[in-house]
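A single structure is presented below for examination.
Chain lettering (A, B, C, D and E) follows the sequence in which the chains are written, and residue indices restart at 1 in each chain.
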């Protein structure tokens, strides 16, 4: 083997604390090294050209580049050596920047360490084998999980480009959180007026199949060929017959059901159509509130339904689908704010969440757009908004900023003044976070034009006294304790990952952070991809964001999915495990531990053997570490390759 | 011995449905029994059990796949079978186990030492068991030895003298010698300073002749002909005759047995140069029992290193 | 849980300002089968002043208490006073740290072994004895008595050290009073500070803080504020006169929960010791009795009405059955 | 108002507060919840969050001569509600202890009360209300403090004029004396622990060899 | 190859590609100064680490071995680190019987974002190894010297 070694200066990033020329010269003595040099910027075009030239001139068969982390430029250099006619896996990197030059200033120690890292890379490269990907056909269909504004955008963009799309929505209607909002900031335009047409588009698009009131039950397969099982939950209404006339909801005698869509602001019936613009506009029965289910006696809806759509015996239904890519757009939920016992923990009816307040403001909401105190129906005059209830609060496990509360609170303060001109709004805030087009101007307007009283400080306690709520807070700018006698308190409740998000992540095999938000492939450069090929992210499921950002990410996810599914064939990563059938004794230990069920037992002339399903294997190497005979080896990270690296460092 | 006859009847009764029954018969010397493969009544007559029934018949199981076989088993042998079954390496349905209460087996090294100056072990002509003693028919007259003085170390910490999983159990069950294994032997060993332990292994392993008898005697070694000790892909061991390579092979074997070793001690017994190999395996067993409460060959669940829990109550992760 | 025994640490106020707490606690524990062994020759835990000076000094005083207990074979200590509880708990908690323990030992010169615990009387009654057992003992239910429970700040705080009930909205005394038959009004200020020991050095503090608590209790229409802390009790009861001079316009008795328990259990005046309170409980109890009468009358009325309805239904049913039968025959 | 020179931040003071309280003061982001809930805020010169801010800024003098640290009732409301889980009351405690060591007593009455209380404990082994009040009046000169309460308690036997003295009161007095002599100093304790550990491991070595 | 005499000891790290290797990168990007002793072997997942790699290194003259993977429940491959946790914990308790101080081997979890934590882990572990001093598996058969000479 003829190995070429290139020690990158990275300007002064590496050369500042590593003697690159000395490393290059040491490397010349390493086994199989035919050429070694230092180079100013290996990743820049002249650098890559120099590598290619050296490969050709010195007839190199393998290349080591010592520069930055392989997580940054391994793909770059693999392409470089490929352009010079080598197999892309005949390449290794030594990380002498992040792991050497940037973490210490001792030039002698750094130079020695860099040389050792190069030696490790050379030792490994000597055992590298040419690896070739296999190609397989792609299913040109996209699954979008979640029908909020991000999912809607992703689905419409992909469908418009000609892709078949399946949308799965957990609730009986799409629209997500945006459908619950009265107005949107900073334009104060009507939320359902701008979202409604998009929802209709989803329903009418020939390329989109919508499964509402459904969940993803299981997912198997891999990029290009996922097998999805969708569970259509029993709505007890045959939607092929239901016309959405709403007669059942008028006649239903059970009138004390929790109104999920309206955040419990008012009660609703047991059979519901969530709101007038619901898509699909179909009725469904909430079993826990239904008299027919609870007492066995009622049947009113079945009696009044003109099309005979009610079916109390309905069971969950399963649908199998094949898709090539998946967009997760599961959004967010509000955290359970009742942990704040100091705000009453839910005991005081006139302490409401911002989303409940949104439903009170909405003309299609349960109060018809009139702001009323839940306790006595009176119009409040002093409304206190408390920010960061469950945001930026380590003590409740929510240290992050929810991002959009400052803005919607400003909006709600404006709407409060619009609805009740003689009202006074008080906003307790810690910082006003309004970086966005027209956002900061908006938060100025609410104070200057609408006279909202912004108080910099937090609220320690809210308690009822007579008809009023006493809000005990601080104005830290004044350095004083303050109290407000309020009629209504609105909590800007922090948002968290949607309920069940980690569960879905497990099914999708994507990672999620400790709060349940899905992890993007790279925080800057791969913001809508995940580390599982073929799975993309849109909207707040990846991290909290407002409507414009969610829509943008929906489009971005669609673009990524389209780029993937525009191809007829895909290459599989060859860094996977393979079994040496001669050495395998069929003990099944690898099958036992494989997290991906990527190993199956086969029969070879009457002997049980293990076999790797190449398209399913993700290349973790757990099987390799488990196999006592070493019969199963992970390509590019074989026992011998790792041993070579260890032995490059140890005498043994 | 009445129990011996009862076992024989049990073998004879089971034999028609089996390809063979493995037990023990006379060996090359009066003090050594050897594995006996019984296929007919005449073979059954040669069967002996008792203090000399040292070999672990489970060793033969993986190579006998395909036909139903019978095994006469001590408690420790049954654990090996149990572990093979738990790992799906053999099918329990294809095995007929005949158990009997084991009251210990001989350790030839100890016996040889006990006879030192009186006679060579090979000169002994016969042996008879009398309660807690054995009586040897030696050239200079009878020699009486206490069983406990010449029994294998493992017998002194025996928790499972009876093959609880046996299909047929002959005789009255024996009481466990101890309720739990306190690994006092390891504790005593670890009373030595770290450097002394290191030196101990360097000295012991320097005697190793790389004959792999230890591996070949191990009923749980599944690799058989595909041992990494003799492979270049992967190339874990060099052929250099160094102590480290020799020790490293033992570490490979011990690591492969972690969570699986039932402590039958056959490795150590088979070692021609007397290296205390079971110590290494017991160090792993102590860990596995302590961390996962798993007793190899007794528990029927997945071996602990082939599974996991989301929260590991016994693993106290270090705080950094 | 009957027959349980604890080492008992009454705290200094038990010998003076909270004599009524002390007497009623001992009587109630006796009734519930809890044996109390007094820690021999116990000393003051140092209260707030000691830990204001230095936590080590405070812990050293507590450590002597535990050591005295240990000498008598006592490991598990019970105390009625949240302030003592807080000091004793904090001492145990801090002494888990080796260095801290060594510093304490430098003061006490008596090494303290591990394995001590301390709980409040309230916690043991609610958690260990159980409210079912309390209910069984009730001979004179407090039906008609409107109470607000006041826990003070130390009973449940700091959360990590006290490990008892909810730090913002504790329920144990609420449930206990309900078990005695009393009506419990939701009281939002149940863990607000009453001024604590600042009553002496900062004269304004107690009238202001305790005043706020009493005012809301009055607005809610409570007959009594029920407490579990000697210091709170002193601030709310003994200083109520001072508070009245600052604007509070009524009186309200402030008994300990154990006094109400003793009363409900049917124990004597000596045990309930209401006489030792500054504010008289008699008006509250007569209110209670009046309301109990009303409740009884109301219950009787409802019962009669129900019986009437049931009879009518039965009559109608019989009639319709008769009709049906007649129809059938026809 | 004086200009505060921020270069002059007293880092040693910040470290001392953090060490003694076990809290990390930089975790405070000045939300004001402590100030909002503090029952004694009305009597403070600096609000609680301002005290926290002064500590963050290393303003030792301002903190140690503030009244606030003396008037804290140790009710723990601030600690309970702090979103950053800072034991604020513990920080106040630490500052007060420090002020006491540096002989800064912004609220004389507090010092007098504490002294009176501890002296009572020292004399008797237990605290004795009448005695404390007497000592307090003596230390402060506020002769008529709370005398109007006396008629309510004295006849009921709730304020015994004579203290309950315990047998081991000399033991309790010794604890307080040793404290005053500085015997609980952490460095002394650390040295003793190290010495013990040395002896222990020495024993261990013998056992091994 | 040898470490810098008097300055460094031989410390080998096995890091999973997705979390800990990224964490070490993050530490580098943040310029969090660290001791220079550690040499990192990149593996896809902590589950890839056969305990025998660790033993091989320790027998081969490493003074310390550090394994770091994704935090439990954050494994890129969902389960690899759960297996690793069991295997490495078992290994750690095994080392004393060989006469190897178990403090020479540690395993821990560092995520890709925990640059500061990585700095702390490396600094602490390296300091611990320096406190223990060089490991002394006494020199072995002469062929190793020959191999070493060849390597130079």
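Here is the rule we go by: a contact is a pair of C-beta atoms (placed from the backbone, for glycine too) under 8 Å apart; a residue touches a chain by one contact, two chains touch by 3 or more.
All of these numbers come straight from a predicted model, not from anything done at the bench.
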Third chains touching both chain C and chain A: D
Shortest contact path, chain C to chain E, counted in steps: 2
Most extensive contact between chains (C-beta pair count): C-D
Most remote chain, CA-based centroid, reference being chain D: B
From chain E, the most remote chain by mean C-alpha position: C
Whole-Å gap separating chain B and chain C, where each centre is the average of the chain's CA atoms: 66
Inter-centroid spacing, chain E versus chain A (mean Cα positions, whole Å): 33
Distance between the centres, which are taken as Cα means, of chain D and chain C, whole angstrom: 28
Between chain D and chain A, distance of the C-alpha-averaged centres to the nearest whole Å: 49
Multi-partner residues of chain B (at least 2 other chains): 236, 244
Set of chain D residues in contact with two or more other chains: 42, 77
Touching two or more other chains - residues of chain A: 342, 593, 626, 639, 643, 652
Residues of chain C that touch chain A when the two form their complex: 166-169, 186, 188-189, 216, 219
Chain A partner contacts - residues on chain D that touch it in the complex: 27, 29-38, 41-42, 46-47, 49-50, 77, 81-85
Sites on chain A touched by chain B in the complex: 580, 582-585, 587-589, 592-593, 626, 628-631, 633, 638-640, 643, 652
Chain D-facing residues of chain A, complex: 342, 388, 392-396, 430, 456-461, 472-476, 479-482
Complex contact set, residues of chain E against chain A: 1, 3-4, 7-8, 10, 12, 17-18, 21-22, 24-25, 27-29, 31-36, 39-45, 47-50, 53, 56-57, 59-62, 74-80, 83, 87, 119, 140, 144, 147-148, 152
